[in-house]
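Shared between the two complexes below is subunit A, which has subunit B as its partner in the first and subunit C in the second.
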Partner chain A sequence: MSVAQVKRIAISDSPWPWLAPLIALLIVFTIYPLIYNVWLSFHEFVPRKRTLAFVGFDNWVQLWNDTRFWGALGVTFLYFVIALTVELVLGMAVALLLDAELPGFGALRAILSMTLVIPPAIAGMMFLLMQDPQFGVLSYFLNQLGILDKSTPILATSSLALIGVLLAEIWQWTPFMVLIFMAGLRSLPTEPYEAAMIDGASSFQMFRRLTLPMMSKVIAVAILLRGIDLFRVFDYVFVMTSGGPGTSTYTLSLYAWQQTFSFLKWGYGATLSLTSLVIIMVLANLFIRVAKVRW
Partner chain B sequence: MATVEYQRIGKSFGALNIMRDISFKIEDHEFVVLLGPSGCGKTTLLRMTAGLETVSEGDLLIDGKRVNDVHPRDRSIAMVFQNYALYPTMKVYDNIAFSLEVAKVAPAEIKKRVEWAAATLNLTPYLDRYPKELSGGQRQRVAMGRAMVREAAVFLFDEPLSNLDAKLRAHMRTEIRQLHNRLKTTTIYVTHDQIEAMTMADKIVVMRAGKIEQIGTPDDVYDRPASKYVADFIGASAINFLQGTVVAADGAPAVETATGRVMIEDGSRAKVGQKVVVGVRPSDLVVDDAGTLAATAVLQERLGHDAQLFCDGPDGRFIAVVDKAARYPEGSTVRFAIAPSKVHVFDAQTEVRI
Partner chain C sequence: MHQSRFTRTLRTIAGWLVVGAFFFPIYFWTSVAFRDAKEIFNWPPIIFDFHPTVRNFEQVFGISLGFSFGNQEAVTPGGGNFYMGPRLWDSIVVASLSTVLAIVVATLASYALSRMNFRGRHEFVNWVLSTRMMPPVAVAIPMFFIFKQFSLLDTYLGVILIHGLMNLPLAVLLLKSFFDDIPAEIDESALLDGASRWTIFRRIVLPMAKGGIAATAVLCFIFSWTEFLFVLTLTQTGLKTVPVVSSTFVTSIGTAWGNMAALGAAAIVPAFITILLVQRHLVRGLTMGSLKQ
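Here is the complex of A and B:
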């Protein structure tokens, strides 16, 4: 291309030269993999021949009849609901507390964001050690308090393992909610609160009738950001339990990963991850529609 | 209905004292305007009355009871904020009804009162809207509606019209005053706009740097300003000040200024030889070829029903209201006369009225 040609493109009204880099990136890193993933879900890897064979809807039929898939979906939903609820409520409570201008709270706010610097896999390792039945600090205190039997290892007990994993999740990500909520609280106008004070509202009434509705957009964003992230939970379960004991912490992402990379069932792995993508998209869009605020 | 009494009220933020020794009483049904430039403490005084700021010194009495430590909700006040402070997430109806809901008033009674307020303020078609869907004037009225339904003993207004355009401001001015005439609720109204103060108040409290400069009816503060500061602050067009010395001219007291001799009232307490400042309102000046004041015409500004003439004199810029039909070419000398009763004399040192 000559200089003149480049010049002509640059001064033209056409948007395409400007959009091209972004479109190229999108095609290479998002659209092509997505289409390939869809294509892959209709094929399966044949290790003997080292090729992909077309299998039609076999993967999808298998998915429908796969109890492990439904189990993993159930675990993922449970994890999603518990973690999101706790992080929202706890995050809002801490944010409201830290919003007060008391001495030392500035430092506290800074310290709070530190958990976000730690890689999730490392946080998982930390909580794995803390819950170790022999020398874990958490196990020790729970034993001392009589809440936990000495012979019960948290992460190796079906009924408790998910809670053990959730501890790491909640510890690491509640501060994220706190930061978002605190930013939201800081941006609220003060005058309506003064008016409400004169109108005779109690603190709880102000929170319910003013703070919560005024924060609804911020809360919606927090739910969306965290919710999507929660649905594809992988690192904590991978590091702490590998999905066990049994399938009690077996999540959808972990299952898709295992099918793809351990069992080399690429087609079925693609089917699983595509399903998870569809579920996230449907849920997110439903939520955006429901959470629409008018004021 | 109630009285409000300030007894030696002071306010400090940390070591910084911004207000000291404020004492005056507001009678039942009275419409009192706190007037002063920004930073004079008028809004702080209002917020102390509301209970949104603590009182550092002195006693604040509402209806004879000391309320220094009483929660805002228990003071029987209602407040209209400068930026209205509407609840953004509530519709107009709920904005107005909120205080009643909080007070657990029966739903039927809430409905009745909200509808009454809405009808009074022409808000009925907007009850189902959110504040952001309203114009400035409508929001202003919602804020007033919110105050009205509370049946408070005292209404507090914090510069409620400053965010409106000039025309709407004039309109709301009369509406607020009419509302007061109807409800007769004791009202404290803060503004920096002397026109609002003049047109609405039963009593004006002029404030300056945390102190009261003068308390009086609009006529009092206009006709007999207590200080040079008040004379300067009150009045649509700025008052003219001339420096001079008191002399006795043919037995009558007068002030000799660089612009000319100004006769002052016979009974004046000004002593011969005293250094003074005389204040002369532009509208009190009369063009008169035999007049004692002389200045050079600079610019004539038409105001519609009359005109403003800017002159340059030895004391600087000098403004007079003149007949709009008359023409005063630039550079021509114009002579003015003024009735002694219209001349305000202030001590040059203390700037207090003599």
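Here is the complex of A and C:
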């Protein structure tokens, strides 16, 4: 390309030269993996021959009949619902509490943002240590409060393991909600509240009738972004429980990963991860439509 | 709103208690980094009353700090199973270069998305947003095979590429929101004066958006710094970043909690300092440019 040509492209108002690098990378990152996954889901690795063999719809039929897949889907949904609910409610409560100009509250906001920069894998390790039945500080507190028996290891008990993982999740990401909600609360107009005060509204009524509706866009964005991450949870379960005990903390992402890289079921792993992708895409786009979130 | 002195005091105390509860795990983890094994494996667990030692840091970074808090024996520097200096370097290289990649590509694209009207712009933004929804595992599986084909497995280039790509949706949408803040009239009057788009971009818009670009870069850096699944999947022995290498402290004879905490604490401190620098833009960053503070 001559210098004159380059200049002409730069001067012209076409957005495509500006977007070209992004488009190229997005094709490599999204379109190609997607096609590859679809292709892979119709094949399976044959260890004996060390090649991929075409298996038709076998993987998809296996998926439908796989109780572990349905179990993982259930665990993922349970994790998603519990974490999102607790983080939203707790996040809003803490945001309302901290939404005031009181001594040191600026510093409190900074301290809260600390949890967000910790690698989730390391946060998982922190809670693994704190929940250790022999010397964990959290086990000790729960034990002292009479909630937990000393002989019960949280992460090694099927009925409790998911709660143990959720503790790390909720600890790390409730501040995400707090910070977003606080920013939202600070940008609210004061007039409606003054009018409501004159009318003698209670603070709960004001929260229900004024704060929540005016915060709906903020809440919707928080739900969307956190929800996406919750549905693909991997790091915590990988380092804390590896899906166990039994299959009690097997999430969809972890199951897909293990099928591919631990059991070399490449085709089935791709089928699982593709399923997880489709579910997230459908749910997230549906939510964007319904909640009218716009970028 | 008027609140009595009593309510204000109560609220201050409650605020500090709640945040204190969130801070506790960070305190505890950091304190474990300064403990001997004896004081980690204790029941009841020791919370404040431990004897600090820098031994874990010395082992992890292969250095002798030349001092100790008490009468602990010295450690021979360099080597050792828990020597993690190179892994910290891996993290820094990957996070920095992947950030550069994401920022360069995203500033160009965001400028066009913010300033130029073209058909399909809205759909394009949605496409960028939807890539943020892809589960990492759905990308990592095909990428593993593609990387294998192109000999990118276990290389800096491979991880830098994938982290840069991973951060593109955030970088594009966030930078677009920063560019949107700069009045379009500035561009238009410069265009009338005969300046090219490229000149306007470089001489006017980029300098004006400096703060926003810096904030975006910090977030990209942190997301690469904390990323787990891609590094776990796409590297073997050539390189490993801090979050992934932390899991190797779990050995058959037990977990080296002290060393792991030392590495973890050392990895968290720089991330926390950088996030403090961009507090002003934090919420905008966390919401990918959707909410402005």
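Here, the second predicted complex is superposed on the first by the 281 of 295 C-alpha atoms of A that agree within 3 Å, B and C clash if a C-alpha of one lies under 4 Å from a C-alpha of the other, contacts with A are read in each partner's own complex, and residues count from 1 in each chain.
Methods note: a residue touches a chain if its C-beta (ideal position, glycine included) is under 8 Å from a C-beta of that chain, and two chains touch if they have at least 3 such contacts.
In this text, all values refer to a predicted model and were calculated from it rather than measured experimentally.
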Fit-or-clash call for subunit B and subunit C when the two complexes are aligned on subunit A: fit
Which partner, subunit B or subunit C, touches more subunit A residues: C
Touching partner for A:Ser253 - first (subunit B), second (subunit C), both, neither: second
First (subunit B), second (subunit C), both or neither touched by A:Thr30: second
Partner chain(s) touched by A:Gly200 [first = subunit B, second = subunit C, both, neither]: first
Which superposed partner A:Thr51 touches (first subunit B, second subunit C, both, neither): neither
Contacts of A:Thr85 with subunit B and subunit C, given as first, second, both or neither: neither
Superposition-derived angle with apex at the Cα centre of subunit A and sides reaching subunit B and subunit C, degrees in steps of 10: 80
Partner chain in contact with A:Ser158 - subunit B first, subunit C second, else both or neither: neither
Per-pair minimum CA distance [subunit C against subunit B, superposed on A] in Å: 8
Footprint overlap on subunit A, comparing subunit B with subunit C: 197, 295
Subunit A contact footprint on subunit B (complex, rising order): 50-52, 71-74, 77-79, 81, 83-90, 98-99, 102-103, 130-132, 146, 150
Footprint of subunit C on subunit A - complex, ascending: 7, 10-11, 13-15, 18-19, 21-22, 25-26, 28-30, 32-34, 36-37, 40, 94, 97-98, 100, 102-105, 108-123, 125-127, 129-130, 134-137, 140, 171, 174-176, 179-180, 183-184, 187, 193, 197, 218, 221-222, 225, 228, 231-232, 234-235, 238-239, 252-253, 256-257, 260-261, 266, 269-270, 273-274, 276-277, 280-281, 284-285, 293, 295
Footprint of subunit A on subunit C - complex, ascending: 1, 8, 11-12, 14-16, 18-19, 22-23, 25-26, 28-29, 32, 40-45, 47, 104-106, 108-109, 111-113, 116, 118, 121, 124-146, 164-166, 168, 172-173, 196-198, 222, 225-229, 232-233, 242-244, 246-247, 255, 257, 260-261, 264, 267-268, 271-272, 274-276, 279, 282-283, 286-291, 293
Of all residues in subunit A, those that touch subunit B in their complex: 189, 191-192, 194-202, 205, 209-210, 213-214, 216, 294-295
